[in-house]
Each structure stands twice: as C-alpha cells, then as structure tokens.
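To start, the structure itself, in structure tokens.
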Amino acid sequence: MSPEERAFQERVDRNEKIEPKEWMPDGYRKTLIRQIGQHAHSEIVGQLPEGNWITRAPTLERKAILLAKVQDEAGHGLYLYSAAETLGVTRDELTEKLLSGNMKYSSIFNYPTLTWADMGAVGWLVDGAAIMNQVPLQRTSYGPYSRAMIRICKEESFHQRQGYAIMMKMAKGTPEQKEMAQDALNRFWFPALMMFGPSDKDSVHSAQSMAWKIKMNTNDELRQKFVDETVPQAEYLGLTVPDETLSWNEEKGGYDFAEPDWSEFFEVIKGNGPCNEERLGARRDAWEKGAWFREGLTAYADKAAARRANALVAAE
Amino acid sequence: MSPEERAFQERVDRNEKIEPKEWMPDGYRKTLIRQIGQHAHSEIVGQLPEGNWITRAPTLERKAILLAKVQDEAGHGLYLYSAAETLGVTRDELTEKLLSGNMKYSSIFNYPTLTWADMGAVGWLVDGAAIMNQVPLQRTSYGPYSRAMIRICKEESFHQRQGYAIMMKMAKGTPEQKEMAQDALNRFWFPALMMFGPSDKDSVHSAQSMAWKIKMNTNDELRQKFVDETVPQAEYLGLTVPDETLSWNEEKGGYDFAEPDWSEFFEVIKGNGPCNEERLGARRDAWEKGAWFREGLTAYADKAAARRANALVAAE
Amino acid sequence: QPAFFDWLCRMGDNALILGHRLSEWCGHGPVLEEDIALANTALDLIGHTQMWLGLAAEVEDAGRSADDLAYLRDAMKFRNLKLVELPNGDMGVTLMREFLFDAFHFELLTALTHSTSPRVAEIAAKALKEVSYHLERSSDLVIRLGDGTEESHARMQAALERLWPYTGEMFAADAVDDAVAEAGIAPELAALLPRWQQTVDEVLAEATLSKPEQRFDAQKGGKQGRHTEHLGFILAEMQFLQRAYPGASW
Amino acid sequence: QPAFFDWLCRMGDNALILGHRLSEWCGHGPVLEEDIALANTALDLIGHTQMWLGLAAEVEDAGRSADDLAYLRDAMKFRNLKLVELPNGDMGVTLMREFLFDAFHFELLTALTHSTSPRVAEIAAKALKEVSYHLERSSDLVIRLGDGTEESHARMQAALERLWPYTGEMFAADAVDDAVAEAGIAPELAALLPRWQQTVDEVLAEATLSKPEQRFDAQKGGKQGRHTEHLGFILAEMQFLQRAYPGASW
C-alpha cells in the first residue's frame, strides 16, 4: 500500500467522507462508477415493470400513487447519475454502456409484472430488498453517494409501505384478488432473494469493497435480515411464502430458508430472463427515437449562446 | 362521332359486352379506369373501419363473421384491380395514385366506427347503399367490370344481411345496446345518403357515362330507392331515422326526405373528414413498411427464374 | 344541473385522457428530465381529474364516485376533446399537443377562478398553479425544438399541422357551454380565443414555425361524445380491472 | 378430467391468441394477397378456437360456454404458449412465428387424429386440413424472404433470433401433458420434436437462414398461465365488450 493509499484507507476507517476532488485509489473510483452506475441504470430500467400498469391502474388514486412512484424512480436515477458524474464519467457514457450491454442493471427488473398484485409485490419485496441493501449505504465512504442514498432511502421506504398497502388490499380482497396476491408472492419471492447477490462464498470483490465501505454488509447477512423481516409480513397478509423448507431457527434467532435457484440467476444475467429483451429493447428504442429531440435542444442551446455572444459584441 | 365510335355506341346500345382487346373510345377507357380504380380503392380502404373492431368483436362467432367480411372486401379489391388491369393500368400504378391523393375512395370510409353497433350500421347502410349502386352495374357494358360486379353483389348482399342481423341484436338488446344502435343510425344515415353522389343537377359526366352504360341510373333515382327500402327496415328495428322531415309521399309512391349536408360532403372529399388522415395514413404506412417484403419476393422470383434458366442451359 | 354535470365531465375527462396519454411515455422518454416532467404533468392531470369528476359525481348526486365516472363509462359518455385522445406520435406531437392544450387550459382556468361556483373557483385556483407551469414548460420546449435542428423543426411543424384541425373544438361552444356561461360558472369560450391565439402566435413565431393554413375547427364532436376511433382503445386498457372485477376494492 | 380441460384450453388459447395477433394485420398488410391470406389464417384459427374451447366447456361441465372461456378469463387462466402472444413486429416476425408454430401445429394435429378421444380426433382432422395449408404457405414465404434481398434476409434472420427462445415451450411437457399423453388423448410432446426440427432445418436451409445458437427453451410458462406482459393488453382489448356489458347478447 502506498502512503496515499494508506492515508485514504485511514480516512475511510475513521468514517470520513471522501469528496469528489480528493485523491482516491483508481480501483475505488472504478468500483464506485460501476456500482453507482448500475444502481442508476436499475432505477431507470426499473420504471418499466411498474410503468406497465400505470395506464391500467384500477382507481384514480392508485394511478396517481403509481405515477408518483415511477417518477421518483426516475428522480433517483438522476441523483445517482449525478453522483457518478462526480467521479469523472458522463451520464451519456453510462447510458451508452447500459444500451450496449456493457453495464448491467438489477436482474429483478427482467421479471414481468403480470397482474395488479405485482404492483404490490414489487413495492413490498423489491423495494424492500433494495432498502435493505441501501440503508447501510447511507454510511458509505463516498460523500455524494452517501448523500444520494439518504435521499433515496427516505422515498423508498415510503414506496415499500405503499406496496404493502396494495398487497393488503389484494390479500384481503375477493378470492381472485387473493389469488393474484399469492401468485405475485410466488413469482417474486426468489427473485427478491437474488437481489442480494450470490452467497458470500461465491461473491467476488466483496472484501475490498467492504474495506472501502462501498459495501457495508455481506450478501448473506442482508438476505437473512430481509427474510426475517418479510416472513412475518407475509403471515400478516395471510399469504404463504413459496418455500416449504422455511422454518424458524431459535438458535440463530432467524429463519432457515431455501436458497434461490442460482442457475436461474445466472441465466437471467446472461440475458435469458423473461424480459431482458423487452427491457433493454425499450430503453434502446427510447434512446434512438429521442436522438432528434436531444440534438434539437443542443442545437438551440448553441444558437442561443451564439446570439448572446453576438448581442454582447454589438453592444460594445 | 367517328364511324368507330358510332359502331361502339351501337354495340353498347344492343347490350353487347365490350371486352379488353376490343376497340373503345379513349374517354370510355379513362372513365372506366377511374371508376373501377376508385371502387377498388374503396374496398381496400373500406377494410379499415371494420377492421377496427375485429380484435374487439364480442363473441367468437361475431369475430369470425367480421374477419370473413373484411377478407371478402380485400377479395373484391383484387377482382376490381384485375378488371382495371385489363384496361392497361397496373395495380401498383393505381395504388400510387391512391396514396398520392390523385385518386379517391368512397368518402363514407372517412367516418369512424365508434361502437360495435357500427359494425351493424356499416353492413346494413353502407353495404346496402353500395349494393344499390352495384346491382345495376352488373349490366354495365364493360365485360370484366360486369363480371366482377356479379361476383361482388352476391357477397355484398350477404354482408348486408349480416349487418342487419347485428343491428337487430343491438336494437332488441339492453338499453345501452339500443342506444348504440340508434347512435350508429344517427351517424351513418346522412353519410350513407351521400354515397350516391351529389344531386343529378350538380353531377358532372353523368350523361356520357349513362350513354356508355358505365353508369346505369341517376344518383337521385338510386338515393330514392335506398331511402324507400331502408326506412321500413329502420322501423322494423324500432329505430328512428334522424330526419324530421321524412314522410311518405303517396303521390310519388316514395318517401320525401332531407338532403344530406353537401357542404360536409365536399369538406370530407377535400380531406377534412373525421378519418381521412387515419385512413390514407394507414394505407401509406402499410405500403411503405411493406416495401422490403415486396422487394424480397421479387428478388426471390428473379433468382428462381435465373436458376431455372441456368438449369436448362446446363441440361442442354 | 345536467349541463353543469356534463361540463364538469368535460373538464375531468380532458384531464384524465390527456394524463393517460402522457403517462404512456413513462420510462420511454428521450431524456430522463423529460420522463420526469411528463410523469409529473400526468400526475397533476390525474389530480385534476379527481377534483373535477369528484365534483361531477356530487353534482349528479346519483351515488356514483369519481372512479365510477372514470372507469365505468363507455366512449359515448366521455366528454373530452378529440385533441387529447389522439395518439402520442413522436415527442414532437406530444409536446405540441400539450402546448396547444395548455395555452387554452391556462386561459380557461384563469377565467374559472372567478366562477360563480365557489367549488369550481377553488379547483381552478389549485389547478392553475400547476397548469401555469405546464404552459411555461411546453412553450419553452416548442420554441427550442422549433428553432433547433432542421429535423426537429420539421417534426414540430408536422406535429402542428397534424393537430391544428383539432384545436377549434376547444372554443366551439354548444348548449352545455352556453348554459354554464349563462350561469356564470364558466366563461364564454369564444372570449378565450383571442388570448389563446396571441400566445400561440408568439410562441410559434419564436419557434420559427408557421401557423397552418387549414381550418382549425374541422375536427369536433368529442365534447358531445362523438370521438375518434382511438378513445375506445384507451378505455379498454384503462378500465380493464374495474370491468373485469366489478365491485372489488383496490 | 381437469387435465383434459386444461389441455383443451391450451389448444383453444393458442388458436385464439395467434388468431388475434394475425387479425391485427387486417387492412395493414404489405400486399393485398397477404392481407387476404392472413385474414384467412386468422379465420381458420378462430374456427379452431370455437371447437377446442367448445369441447373444453363441455368437458368442464360447469355451465360455461366457449365464449365465456374466451372472454371471461383473465391472463393467469390463459394457457397459450408465450410464442403466440408476442407482438407481431414486422411481417418477418409475423411470418416466422407462423412458420415455427405451424410446423409444430401440423405435427401435433397429425398425431391427434389418432387420439383415443373421438371428439379430439375429429376436431384435429378438421383443423389439420387448414393447418397443412398454413404450413405450406408460411414455409414458402420464409424461404422466399430468407433468400430474397439482403434486407429481407436480415429481417428474417432477426425474426428467427427473436422468436427462437420461445419455441422450446411447445415441446416442454408438464403434468397436464403427461396426463393426456398417458390417456392416449394426445401424443408425447417430445416425440414431435425430431420431425419439427427436420422441417425447420430444411426450410431454414433453403431460406439461407442460420439456426440460432441460443437455447430454444429459455422462455416458458405460458402453458401454466405465466405469460409475458403482452397478454394482458391483448385481453383488455379483446374482452372489452363482454366485460363492459355483462350478460348482453350480441
């Protein structure tokens, strides 16, 4: 470790925040760009599964809540891209990497939303798992990232409550609604568990990231915490977690539960998930069809700048 | 009149059919191309207002009937383009003229189909008016046109009955269905009357076309006949024709009725109808998006012909 | 009273259907800021829908709720302008439509803040704040895209030509409009036209766009329930859950 | 019996949903002959739907009709393959999908003419005549467009890549398929695979198209009611009138 690196690590260890213009190891910068970028992409792509139901929301109030939520997600994308930009990468560069498949987004968004109950399940389970990942990141070492996380977590926990409220309505509703709720839980349970990443023993880069406080907990710790919080919520809804092996382990003070099917996880990452093509296709399409729009605004800005410059010259 | 023209007119007067390779006046050929072409275009564009409800047809049987009907219309388009081709114009040339706005289609198809009752009203009133126009044309002087008309009329009268059957179901159905039926009649009555064209006194070319037996009756004669047949059908349905002036005229043995609003007619022809843009836009879009398909088939045909020629050479 | 109800449905349905169209862009916008802005506008409009249709339901006093009105009427009973139900097209069409409608909406709501109906005045005052911002934003984008590249100019001009024949319906008063105007609930629609024209002229001029020569009132009927073929598809999608699960609570 | 019902729904729903997709082309095809042929295929498929769902309704014996099954089930209860509910895309995707499905449909119906259920055998025999022609036509077009221009070749290849991961579901048997196979009602699905592969290989070779290297069975679940996001929109449109006017007669 060089003296600079040592000094850097000591600051991190003292829980000092690292700020954009300060020295940081190259690996720290790169890892952060990847992590924040992927998080930003996930917010953007994450608009799609829920956006899928906005035009079909069953009441005006539900429609308004869902619109607000999807809008928040786009907003989170904005904060996160801004945080990534402080590390010396542009939003357009990150977008190009997303669209070319060189950067990923969270695999959970490659699952379809098939019934209205999925609007509940996504809020409850997906946002729930996201919060579990994000809450500790409020204390991450990189200042802009930490501040973005603080803002985001506040909104996410609101979203999670809204999702749970939808689940409640469905689970306590008509038999068809209850069936939809159970089906949504069945479909989203294991994908939600996958959101914490592979088991610690199979997880690369973890140790360094934890030393840098880019990652605050191990995947397995967070997954356990998620299961422990979520199972009683499912019980309260009167729904059955789709895991026959699930049982309370008095000794460890937590649940024993089945691992997700990691081969499915890797298939989805490889592009074979149910909606990979739709999701990335939709984003590519939006980007390509929006080129004229972005170019138009740029051209106007250039013209306006030139006009101001001319006006200044004329005035002199 | 030249001797050729006189001989031609005498054949027409004797009700002989004129066949493709026989001599005919230039004006006869041109008028026929225009008339048959417009009729063909009307069949093609006429697929759209009914096609609009295929995916929403309320029962499997209604869906099948509607699909079959729209398919028949495309078939009529085919016969008619073929008849026009015997006059020395290609289907592609006619299509280009339609798409560039140089040839028209029946204005009735610029009205929208807004409820399922419109599937009834279009069959009953629009096909009804079309039949009224077409039945006499079975005796038209140009052989291929006459034969096309004979085939078409048979199918059209079947369509009209199906349309009337839908109206009957709607008019005798729930209050909402009856309301839709009445609304459909309200919207299609005057446009259907317009299908016979402006009043005879304002109609150009009529005399020559009638001498040539390209046109067999005057517009006003046909319109009167249509009203006389249709009003009792509306009464049988328990629906009200949207014309307060409608009354039986004992003396002439027919109904007195209000003229349609001819300014609306001319506005629609000018392109200001409710759906002109949608209809022509849909056809242009289909044509443009289908270019690669047509080119692909042509390229394959050329390759296949070349392969056959090579095989022949090799075999020699 | 039936006229007041009908008129309130017009207000609510315009907001609902335009909000629906804008919400279709969610996740598909050309830049992130645009995604957010469109979702935000849609959200405002759904909020207006709740207020207008809520009041309509009260005025009707037949036991129907705002949701019933939104989700259980078929197309013939919808009272929105044809303009707002047209498909989104490209972002040029979407923004030009917003601008043309916002400019009208702004004038209308401004006048409605002086309504003789305190409820109407109150809703209008709330909505006006948001719509002022809608207009500001859509004007600004029309100007920037009109005076942007050759392509963006051409697209904005094409959008304007496409939408122009649908704008006249906003100012075409019928018996319903006359009745609410007479009651002092709403302004004479024709009185809003000069200021709308002025706004449009100014923005188009700055956007280097030409005002179309066609009639601006060729396409009407939406306010009386005679719509384009597009509305039926909007409703089939929007109303699916309420229709498929009658009486369920969400 | 529940397995038989479920299996009949699969047969009917495939025909219904593919018929729906094909019917969307009505009036929008690239040439008139194609418009007619697609409408004709759609019409055949709606006819099959009536027969399969009609029999399903009889077998269920719960007072539901074929129309009830078509119009009053929500997406979770639909049993069609994901392949048939994908959007039409360009005509290349539409035709390639038809070909891939027709080649399977043909083998399946051929085997079903020997079903131990006389009703099934009878329906299969009727449908087979039409489906033989569907396959002939779609094979022919795939060959001509694959070996047409550079563009038509590229489009057909892209269509094939897009659809390929959805084809494996046709041959993936579950408990329902096993039960009807055991009863001799339907063949083992896996037994149909070699002939399907042969047809596909031959046609692709003549069309100068390359068989994709990806897995052909990545996309499954439709037969068990786990669909793509597209099906919900199809049903919202298709079922609108039955949902909006319950109990009406059409």
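Lettered A, B, C and D in written order, each chain numbered from 1.
Following the convention adopted for this analysis, a contact is a pair of C-beta atoms (placed from the backbone, for glycine too) under 8 Å apart; a residue touches a chain by one contact, two chains touch by 3 or more.
Keep in mind that what you see is a predicted model, and the values were worked out from it rather than measured.
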| item | value |
| --- | --- |
| Chains contacting each of chain A and chain C, listed by label | D |
| Cα-centroid distance, chain C relative to chain D, in whole angstrom | 41 |
| Approximate Å spacing (C-alpha centroids) for the pair chain A, chain B | 57 |
| Chain centre separation in whole Å, for chain D relative to chain A (CA means) | 37 |
| Residues of chain D engaged with two or more neighbouring chains | 74, 232, 236-237, 240 |
| Contacts with 2+ other chains: residues of chain B | 56, 176 |
| Graph class of chain-chain contacts, one of line, ring, star, complete, other | other |
| All pairs of touching chains, each written as two labels joined by a dash | A-C, A-D, B-C, B-D, C-D |
| Complex interface listing, chain D residues touching chain B | 16, 20, 23-24, 26-36, 39-40, 42-43, 46-47, 49-50, 53, 66-67, 70-71, 90-92, 143-145, 147-149, 151-153, 155, 234, 237-238, 240-242, 245, 247-250 |
| Chain D to chain C touching residues, read off their complex | 74, 232-233, 235-237, 239-240, 243-244, 246 |
| Chain C partner contacts - residues on chain A that touch it in the complex | 44, 47-48, 51, 54-64, 67-68, 70-71, 74-75, 77-78, 81, 91, 116, 166, 169, 173-174, 176-177, 282, 285-287, 289-301, 303 |
| Interface residues, chain A side, partner chain D - complex | 52, 56, 112-115, 176, 179-180, 183, 187, 267, 272, 274-275, 277-278 |
| Interface residues, chain C side, partner chain B - complex | 74-76, 162, 165, 214-215, 218-219, 221, 226-229, 232, 236 |
